[in-house]
Structures are given as structure tokens and as C-alpha cells.
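Below is the structure I would like to discuss, written out as C-alpha cells.
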Amino acid sequence: MSIEVNNIHRIKPIASYIVVKVLEETKTTSRGILLPNSKESPQKGEIISVGPGKKSESGQLKEIDLKQGQVVVFGEYAGTLIAQDESSKYLLIKEEDVYGTYE
Amino acid sequence: MSIEVNNIHRIKPIASYIVVKVLEETKTTSRGILLPNSKESPQKGEIISVGPGKKSESGQLKEIDLKQGQVVVFGEYAGTLIAQDESSKYLLIKEEDVYGTYE
Amino acid sequence: MSIEVNNIHRIKPIASYIVVKVLEETKTTSRGILLPNSKESPQKGEIISVGPGKKSESGQLKEIDLKQGQVVVFGEYAGTLIAQDESSKYLLIKEEDVYGTYE
Amino acid sequence: MSIEVNNIHRIKPIASYIVVKVLEETKTTSRGILLPNSKESPQKGEIISVGPGKKSESGQLKEIDLKQGQVVVFGEYAGTLIAQDESSKYLLIKEEDVYGTYE
Amino acid sequence: MSIEVNNIHRIKPIASYIVVKVLEETKTTSRGILLPNSKESPQKGEIISVGPGKKSESGQLKEIDLKQGQVVVFGEYAGTLIAQDESSKYLLIKEEDVYGTYE
Amino acid sequence: MSIEVNNIHRIKPIASYIVVKVLEETKTTSRGILLPNSKESPQKGEIISVGPGKKSESGQLKEIDLKQGQVVVFGEYAGTLIAQDESSKYLLIKEEDVYGTYE
Amino acid sequence: MSIEVNNIHRIKPIASYIVVKVLEETKTTSRGILLPNSKESPQKGEIISVGPGKKSESGQLKEIDLKQGQVVVFGEYAGTLIAQDESSKYLLIKEEDVYGTYE
């Protein structure tokens, strides 16, 4: 399945899912040092939409502490590809995949 | 086992199960870019019926926040095939397999 | 161990176990389309008897929401064979193996 | 280690353990149909003694709902052999291994 | 590491650990039937000392229901060898490894 | 993805994540004894920033007991590389990866 | 990473971690019986410092029931090597790795 990039806003994530637009960054630092790839190298992306949060077994809601527009750092292998064109790529990731925000 | 497509309404999912009719979409975007398949590519489907929700160990019911008629995005490998004919395909999936709705 | 088919009523399932009589259905739809077997193909069966339900660690009972006589759809590989003759087959399955009822 | 069959009464199971005497049954039905062994084929046995039940993390006791003298149906590979002679075989099994009683 | 057999009393097990002296028994019954070893064959041992019991996550203590001097039946592969000489063998086992007592 | 070393302060870890600057130490002791590498050899690093702590299923916050500026000892294979240049290396690690502080 | 043996006191374990100085003991008993190594052979060590204890998900602290100066018996493969010289070896282990104390 794939969704048109310009239809991405029609996806409303549920539970602790988050739609992010991937902000590509070359894997070498500005002074040309290629990151040793033995360690996982995280991704950066902008939040397009967030789910309502996850319900515990007893039905209690744990909201997501992230908002639309924030830039987040998340796992290299995280998420599901839902839309892509020449210039942009969108993923569905989970809140648990996020390490931090980039301000 | 297989069920006649026109008998699909006779299936009443229990717990957090959901019956969906798969809405097939070609795997390339409108401008012909084939999605790189290394990542999982989710499916889209319309909800036919939802279970009552899952009971916790202590018997507390956690209802499903999805309704009949909604279009959902869910995992590529999710679910069990329960009915199929030339033009349609029905799966039994779990609420946990759903990433979001498509409105 | 095997039990005579006509002694099946002597089995009283405990906890969340259920005795079902398997209702065999050919794997192709009426118009001869063979179900692609890559996906799991669930089974259909009639409930003969249900256990009292499962006790949580703290001793609280979570009853089974299914009754004798209901037809259920359950996992292809679920259950234990307890009795069989030329025309019928009986399994012990768990409530968690059931996807839904067929009404 | 092995225990004399006539000393079996000296074993007091703890927690959710149960001592059973295995009641052997040939694996074919009376009309000679050999059970297809692809599925697990459960065992039948008579309860000799039951443990007091299992304590939860918080120390709450969950008693066993089975009694001495009942005949139970349990998993083919369940349990530990503790005593055996020419005519009888005794196992230590867990309550969770039991599918149902045979009345 | 090994501890002198005559220093075994200096070991104070913590949590749900138990020190046992293994009571060896030949693996054949008195009438010479060698136990089929396909099943696990449990061990028998005398309790030398027991730990105070295990604390749950919330700090609640679940005491051990076994006492010094009792003879217990426990798993064949359970425990850690802590002391041994020509005539005796001592193990550190966990309460969860014990199936029952032998009275 | 990689972040400029001088932008490291823009990363705000979430949940129980921590940004550390790795303080490299040769693997041999001052008197030249090379540590046998069969055991894991932990890393040392200075805390740059800590997340707010992790929320339990019921939404209760468990704060991190570590602060910016503390030097911590953590697992050899822990963490994700997020920034590096000729003289410094920054990782995102989890609180659970930390063994202790070095004062 | 390695720490000077004379700096070992600068390590403050967190959560349920414990710093121990390993007290080596030959693997044979005084009368020369080599311990059969098929079973795990635990280690003995003196406690140098203990962490504050582990916080449960709900933030409740479960303190460690062990103190500086006690000699403990712990798993053969437990822990992380943090400092070593010709005559001494220090490990970081977890409370769960400890079987008992040696008094």
C-alpha cells in the first residue's frame, strides 16, 4: 500500500503512533569524518501528527509528550514507510522509538 | 476453512479482533516511484466489524477506539485471511496491528 | 491417550479451555478460487463445553464470553486433538485462540 | 533419583504441583483409527495429591481447583517422572498443564 | 570457588535461595527397573538453610514455605554446586526449583 | 543522521534517555596489565543532559536519579552514536545502561 | 575503560548494582577433589559498596539487603570487570546475581 504524499495529512495515527517527515542528513560530519557504522546511527524527522496515546490494560490513557512540528531523533531502523516522492519521505513510528527532540 | 464473501457479516469478532476488507493500492506512487521494499509497506482496509474489546486479567474491559466504516492503515503481515473472491479480500486483524485511520 | 467420541461429554475443560467439534470446510470458495495458503487459514468449530474461566494471580475469575452451541472461528494450528472417528474430530482449544463467532 | 511406588504417598507437592498416576490408553480409538500424531496427544491420569496452590508476588494464595481422586487430561510432554514399576507410572505435573477433568 | 564441606553452615542464602544436601539415590527402582531417562529425573535433598524469601517490586516479602531439615524433591538440573567431598554434595537451589517435600 | 558536535546541546533526551560525552580510557591499567577482554569492559562518560524520566503504564513518572555534569560508568555496548569529531564522541544511552557514578 | 584499583572507592553503584572485590579460591577442595565443572561454580567476594536499591515502575524504592564488608557468594559469570591489578580484581554485579552471604 502507498499513500500520496499530499494525502499524508489524512493519516490519523492511533495509540502511541507518530507520523514523521524524515529530515535526511548525510552520515558524515561537516569536516568529512564518516561516522563508524558499527553503532546504530539514529534518524531525524519532523512530527506531522501524533496519536492520542496508549491505553493501559485497565483503560488508563498515557498521553504522548510530543507535539506536531517538533523535530525528533529516533532509531535508525524504526518505523514503517507510508509515503514517499522525489523530495520527501514519511514514516509511521512509535513513541518508544524516539530518543529525544532536537531544538 | 473459508467463508463465503457474502457470509462475512456472520463473523462477529471477539476481544480486540477486527474484520477488515482490504483496499488494494498499487505499491508505486502516482508518479511511478516504486516504494523501496526494504521497509515494511503497510496495508489499507475498511472496517467491517469490531470486537467488544479486550478484558484485562482483573476482568476490566478495554474497548476498541475504532468503528465500522473507518479506513485503517495496518501492518503488511498482519491478520488471518477469512474470505476472498475475484474482487475482494477479508482479514481478521487485531487492534494492536493498526497504525492509524485514513480519513 | 484418546477418548471415545461418544465419551466427549465426560471432558470438563478447566480455566480458559474449550472443547470444540471441528466443522470441516473445503479450502476453496464456492466458485473454485483456492485460498492462497501463504496466510494462516483459520478453522471453524462448534463449542461442546467451556471452562469456568481463568483466575488471575490475585485469584480473580475472568469468565469466558462464549457458550455451548456457538460456532467459533479459531487459529489453524490451535488446540489439542482429544477424540476422532470417521466423521468427527474434537479439539481442546484456549479462549485466546478464538478470533470470533460465526452466527 | 527415583522413589518406590509404594512410597508415593510420602510426596507432598508444593505450590501448584500435582502428583498423578498415569492411566495409559492405547493411541487408537476402539474402531482401530490411529490418531494422526501430528497434533499433540494429551495424557489421562488420576490425581494422587495436590499442592496448596501458588502465592502471587504479593503473597496472595491462588488455590488449585482440583482434588485427589479426580481424573484429569493433561499435556503429552508435561511433568516429571518420579516413580514407576511394572504396572504403574507417577508424574509430578503443574496445574497449568491440565486441560480438563474426565468424569 | 569452592567451600569446605564443614564450612557449609557459614552460607546464609538470601531471597528465595535454599542450601540443600543432596541425598543420592540410584536411578533404578529396588526391583531393578532402570528409569527411562527421556523424562527429567528429579533429585532429593535435605534442607540445610533457607533464605528470608523474595521481595516483590513494591518491597513486599514473600516468605519461603520450607524449613531446615525437610527433605525436598527438586529439578534434576537445578542449582549451583557450592561444596563437595567424598561423601556429600551441597547445592544452592531456588524455591521455584522445588516440586514437593518427601515426608 | 549525524549532528554537529557543537549542536549537541540542541538534543533534549526524552523518557529515560541520557546524552553522554564519552571519556576514553586506555584498556590497560597504569602498570600495563591489559584487561582480559573476556568480560565486558564498561565505558566512562560525562552527562550532558538527562530526560525527564519514564512514565509507567498508569502515567506515573519515575524520574532519573542522575544529573548533568556527573561522570557515569555504563555498558560497553550501550547507546547510540549521535555526534563525533576528531576529539569527542557523544552517545544517547538509557538510564538502565548505567552501573554507577564515578566521583 | 578501566579504573585504577586505588580509585575503586570513587565508583558509587546506582540502583541494585554492587561493587565487589573477588576473593579467589582454588577450584579444588582442601583434599584435592577437583570440582566437576559441569555445574556452574559460584564466586566469592567482599562487598566494597552497594547501590541505593531499585525503583519500581511506580517509583517505590526496593532497598538492597546487603552491606559493605559482607562476603557474598554469586554467579560464576556475573558482573562486569571494572578494575584489576596483580593482586586484586573488582567487579560490578547486580543484587539478583547474589546467592547468599558467607559469614
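Labels for the chains are A, B, C, D, E, F and G, by order of writing; each one numbers its residues from 1.
The criterion applied here is as follows: a contact is a pair of C-beta atoms (placed from the backbone, for glycine too) under 8 Å apart; a residue touches a chain by one contact, two chains touch by 3 or more.
In this text, all values refer to a predicted model and were calculated from it rather than measured experimentally.
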Intersection of contact partners for chain E and chain G: none
Intercentroid distance (Cα basis), chain E paired with chain D, Å: 23
Distance from chain D to chain A - Cα centre to Cα centre, in angstrom: 52
Junction residues of chain G, two or more chains touched: 57-58
Complete ring sequence of chains beginning with chain A, oriented so that chain B follows: A, B, C, D, E, G, F
Chain E to chain G touching residues, read off their complex: 1-5, 10-14, 17, 19, 51-52, 55, 57-59, 79-86, 91-92
Residues of chain E that touch chain D when the two form their complex: 24-31, 33, 35-36, 39-44, 56-58, 60-63, 65-66, 73, 75-76, 98-103
